[in-house]
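Labels for the chains are A, B, C, D, E and F, by order of writing; each one numbers its residues from 1.
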Amino acid sequence: MRILVVNPNSTASMTARIGAAARTVAAPGTEIVATNPPGGPASIEGYYDEALAVPGMLAEIERQQRDGVLAGTVIACFDDVGLDAARSLATAPVVGICEAAMQTAGLLGGRFSVVTTLARSVPALERLAQHYGMAGRCTIRAAGVPVLALEDPASGAVERVRAEIRRAVEQDGAETIVLGCAGMADLARNLSDEMGLPVVDGVTAAVKLVEGLAALGLRTSKVGGYAPPLPKAR
Amino acid sequence: MRILVVNPNSTASMTARIGAAARTVAAPGTEIVATNPPGGPASIEGYYDEALAVPGMLAEIERQQRDGVLAGTVIACFDDVGLDAARSLATAPVVGICEAAMQTAGLLGGRFSVVTTLARSVPALERLAQHYGMAGRCTIRAAGVPVLALEDPASGAVERVRAEIRRAVEQDGAETIVLGCAGMADLARNLSDEMGLPVVDGVTAAVKLVEGLAALGLRTSKVGGYAPPLPKAR
Amino acid sequence: MRILVVNPNSTASMTARIGAAARTVAAPGTEIVATNPPGGPASIEGYYDEALAVPGMLAEIERQQRDGVLAGTVIACFDDVGLDAARSLATAPVVGICEAAMQTAGLLGGRFSVVTTLARSVPALERLAQHYGMAGRCTIRAAGVPVLALEDPASGAVERVRAEIRRAVEQDGAETIVLGCAGMADLARNLSDEMGLPVVDGVTAAVKLVEGLAALGLRTSKVGGYAPPLPKAR
Amino acid sequence: MRILVVNPNSTASMTARIGAAARTVAAPGTEIVATNPPGGPASIEGYYDEALAVPGMLAEIERQQRDGVLAGTVIACFDDVGLDAARSLATAPVVGICEAAMQTAGLLGGRFSVVTTLARSVPALERLAQHYGMAGRCTIRAAGVPVLALEDPASGAVERVRAEIRRAVEQDGAETIVLGCAGMADLARNLSDEMGLPVVDGVTAAVKLVEGLAALGLRTSKVGGYAPPLPKAR
Amino acid sequence: MRILVVNPNSTASMTARIGAAARTVAAPGTEIVATNPPGGPASIEGYYDEALAVPGMLAEIERQQRDGVLAGTVIACFDDVGLDAARSLATAPVVGICEAAMQTAGLLGGRFSVVTTLARSVPALERLAQHYGMAGRCTIRAAGVPVLALEDPASGAVERVRAEIRRAVEQDGAETIVLGCAGMADLARNLSDEMGLPVVDGVTAAVKLVEGLAALGLRTSKVGGYAPPLPKAR
Amino acid sequence: MRILVVNPNSTASMTARIGAAARTVAAPGTEIVATNPPGGPASIEGYYDEALAVPGMLAEIERQQRDGVLAGTVIACFDDVGLDAARSLATAPVVGICEAAMQTAGLLGGRFSVVTTLARSVPALERLAQHYGMAGRCTIRAAGVPVLALEDPASGAVERVRAEIRRAVEQDGAETIVLGCAGMADLARNLSDEMGLPVVDGVTAAVKLVEGLAALGLRTSKVGGYAPPLPKAR
């Protein structure tokens, strides 16, 4: 089965790390196609970047879908950028990494905290938590780390994430931690071991959910809000 | 004061009708600049159309903002398309017509019902109602009318809207009606008179809210989720 | 247009300040009639004062309504005292200043905090926030200032309000501040400038909402909970 | 122990029936003092009547409290009229009959429906249900019966209540019924037997709650919103 | 009237203290039958203990019900262990002590805090608070006291509870305190006096609620989720 | 990897069908161990059956865990019977089929409806929906089918389920259907094809979630409510 993992920003090094993380959990027989739009924002830090990134990402999904059968798509940005539009467009399932990570955390414990990058992203994630029914059991925190600092080992970003996780455990009563950026995908396993509680990354969680939906033969419902786009001038 | 009323779809006749409706309520001294992006979807009927319309709309806001001081912007699509991105981008207030209409309905009675165009738009509006804190007091209904049918007097669209309003009063206990599409902006006053209860249109409601914010000297807060976009490759 | 701004307490100096604040934002052609009942509580600090103030306030609204056409009424007490009864009684729209300020804050940012006078008023305001659908995005705080201390420049009240605003920004993640007492109406603009984020006063916000409703030709719905009082012995 | 049952409307025949119902459940040793203010609305049908009834009711509570030790007070109007003000004023517990009936229904089954008098009262009761945390499990219905029709056996009021109960069972999945008016206090027991499910009346439920609080030695907390009124001109 | 107070754990000394507390508030003519299952967990500290305690508790209720008419049953464990099953099984009302205490606190003030034993019990109580509609107004805290330490005056348990109550008042804005363990039943009255705000114990509160339901002639509704168990192999 | 699928009732033919359904979706290399406790209720239809089934189910999980490494456990009863206790006890992840099906439906569309067996189970499932954050987007319906009728092809049970699905689509606006009983596990795929929208079964969905958690190296958090049982007499 072929799963598209689309990074909606245009930073190829981040796409490569995301793809590598996805492959660490993919089942034998699952091919991970990691991609990003050729242009658009270099990172997604706020609503404006989100809005500009979506059309390129949708074009990329459309192109990949035309090129061969997809078992499903993972949108590898924690804001679940363009998720609804992608569900309308795609014939196979689409899973966002915020949604995937929050669902997975929901299976592992009670309260959880999300550690994301910049404070400006917190309101968007609080809104997603409300939409996914998780607002009553999660807290959103920012580590004060720009997205692309995660690409730079010398930035001290990981240490900031670690410190914020500690605060979440002490102050929020978090039983589980969710890493709130696709660029943190490779940190989850080590942090789980180190911290002694589950640390969930959305990219890897979403890959397993897409594999699961494919095995179950389930696809996005097309009888409501995700009906295919109507033909019209665009 | 100059208020930008931006129709995010590319149908100029609809922009003209929206602008005309806006001018019927504008205060003396308010100039309404009604515009739409030069391209993009001809109408917004679902998440995919929304996503494709936003970048053109943001460019239009940016261009108008560069061309002269704006007192504020009204986004004239009931899905509040790109509202958060526009708030990050703009220096003056931005108001969505769904938000404006729901707030206004909240001042006039208890339960209200929204009558929108197509069933596929209902889930997006239910989510907005939840986000605006109105989910407990409103019902979303579709009249089964394509957006552009509202441009065609022979389409029977108005009669369908009227019938759906009647069902809302009988079945939902609606005390107030909200018209759920910018293309219905010119219907509100007549329907109010005819139905004997307030019928709210979001375009005109939003114009008055923007005028109000300008008079109060209030602008979008830039210390949280609506911080200005960071400089980066886009 | 004539707008009644009714201070439900009987302190005329406070009414004068409220009226003056209202006039700073009123449109040309809007006449502000600021009034208070001849008797009743000198200030409204808790549920008991609220209850005793309402009949006098309703009588005042009735009297003013008889004396000439009102475009609408603003109830200038942050507890939205008697708002529902006034809506039943009045033929024109009625807006409460808590409702107006919370709606206005909702247009300007995500989370906001209300800074009110005494701790005893916090539970009533938390209930209003829940009723207006804002409980998930606002925090209510008290500055520990009796209402009438706001009438006395030497009381240190303003400095306490300022300190509480700082705590709201640091501890609540507030993007916007709402001043939670009609007696603070004249502080908003300076505090906005000083604090670098929007500070909303309900009196001025409500005046603009009433002007807006009047321009839109919208009145309270009379088909539900705000039906006119039935004729009976009272 | 002496329990004050105060009917906030001025219809003495209704007070007498309420007092009689209260006495059917009072424990040996409990004296029921049923009273109403000397003036004010003859019945409470909407927010305006509520507002006008409260000061007289508070004066009555104050007078009775001065005249002798009260174990507690029941406010015998289903809108829980003036409940918060009465709690601030009284030194002993105060229980509203809506609150009492909803709590009692919560002990007896899952979903319940309230059958009240007129449609205009539904919004106020929906708000109370939200405030008491019961909105997710109850439905409010009106039988279309004016309050004082309940005083008149020839009015057909009881048959209308019965029909509305049947609709609640069929359409709402109600496991329990709450009678939504103090004037229905004497109907509960017969309707329970007839309908085969619990039918709860708030007057009798509240009497038992007040007796319980007295036995437990519990009084209204005075450290928050129910702090005693501050000394001031009123 | 005979009320069964069943302690679902098997510690007889705790049952004796619970029974004694129940008797301090029982009306003349109420007989308290305090009992516990002959085996099962010695204390209930977490979901696993809950699950193992329930069948023995249900057998005990069944046995007592067979032995003589019960006016109702109190389940004396703050997790409301097996409450729904007991309601299905029993013919008379069943009240849980968490439910009883939260309802009672709801009559006495606004926000309240629960002080329970161990941190591991907090998530279960947060879920109960959500189910009872109290999540918006209560905070759950643990004093770090094992259940059976409450049986040992030398354990320092009471001092820890006292310290946690102080934190609840300072940090949560609690107007009322709920003691979150049946083993604390005898502490409530002294702590109320000492702390100057109502401290509610669930055992005694539940006894009064059961007495009340019996006086009202109300029993569990059997038309929905609490229908009697179907005949089948078990 | 070895996954335990435990049917908490004692009907071996149902266990066999559940196991067979689980195997249709299991990945190569996944061994499904389908089991049920040796005794206890033959079917789970209400809270009483739930309570009696749990200890046997927990003993079965403990025995299987002792006999060999488990990758995780699926609790194959739609009431998520004993899920919290099992999570405390087990070292590997535990997933309930209600939780799994609701999460999966959440990935496929907006509103969904659950079609369960008997009306008496509806309240328990409504409570689970609330706990999982899905109450705002799902409706629970009963087909009026006893659990064991699903074992009998001549019972007409499947036709009743089909009819209830049709009502859900027409009346609830369901975009996705969830089958609300482990005994319906083998119906999902055919009903999806027939109805033209996704029909989700919890058993198969849960198997994929457990496989996913195992691949991700994630286990139940033990730092909060799911801490291991304390040593004590049981």
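Please note the rule applied: contacts are C-beta pairs under 8 Å (C-beta built on N, C-alpha and C of every residue); 3 or more make two chains touch, one makes a residue touch a chain.
Keep in mind that this is a model prediction, so the values were computed, not measured.
Considering the contact criterion stated above, the chains in touch with subunit A and with subunit B alike are C, F. Set side by side, the interfaces A-E and D-E show unequal numbers of C-beta pairs in contact, with more at D-E. Subunit C and subunit E, compared by their mean Cα positions, are separated by 43 Å. For this pair, subunit A with subunit D, the centres built from the Cα atoms lie 52 Å apart.
In this assembly, the C-alpha centroid of subunit C lies 30 Å from the C-alpha centroid of subunit D. Among all residues of subunit D, those that touch two or more other chains are 110-111, 122-123, 130, 135-136, 173, 175, 224-226. Viewed as a contact network, the protein chains fit none of the simple shapes, being neither a path, a ring, a star nor fully connected. Applying the touch criterion to all chain pairs gives A-B, A-C, A-E, A-F, B-C, B-D, B-F, C-D, C-E, D-E, D-F, E-F. The touching residues of subunit B, when paired with subunit D in their complex, are 110-111, 136, 173, 175. Put simply, subunit C touches subunit D in their complex at residues 10, 40-43, 45-52, 54-55, 58, 82, 84-85, 87-89, 119-124, 127, 130-131, 146, 224-227, 229-230, 232-234.
By the touch rule above, subunit A contacts subunit F in their complex via residues 25, 27-28, 93, 95, 99, 103-104, 106-111, 132-137, 169, 173, 175-176, 189, 192, 196-198, 200, 204-205, 208-209, 211-213, 215-226.
Within the complex, the subunit C residues that touch subunit E are 122-123, 126, 130, 135.
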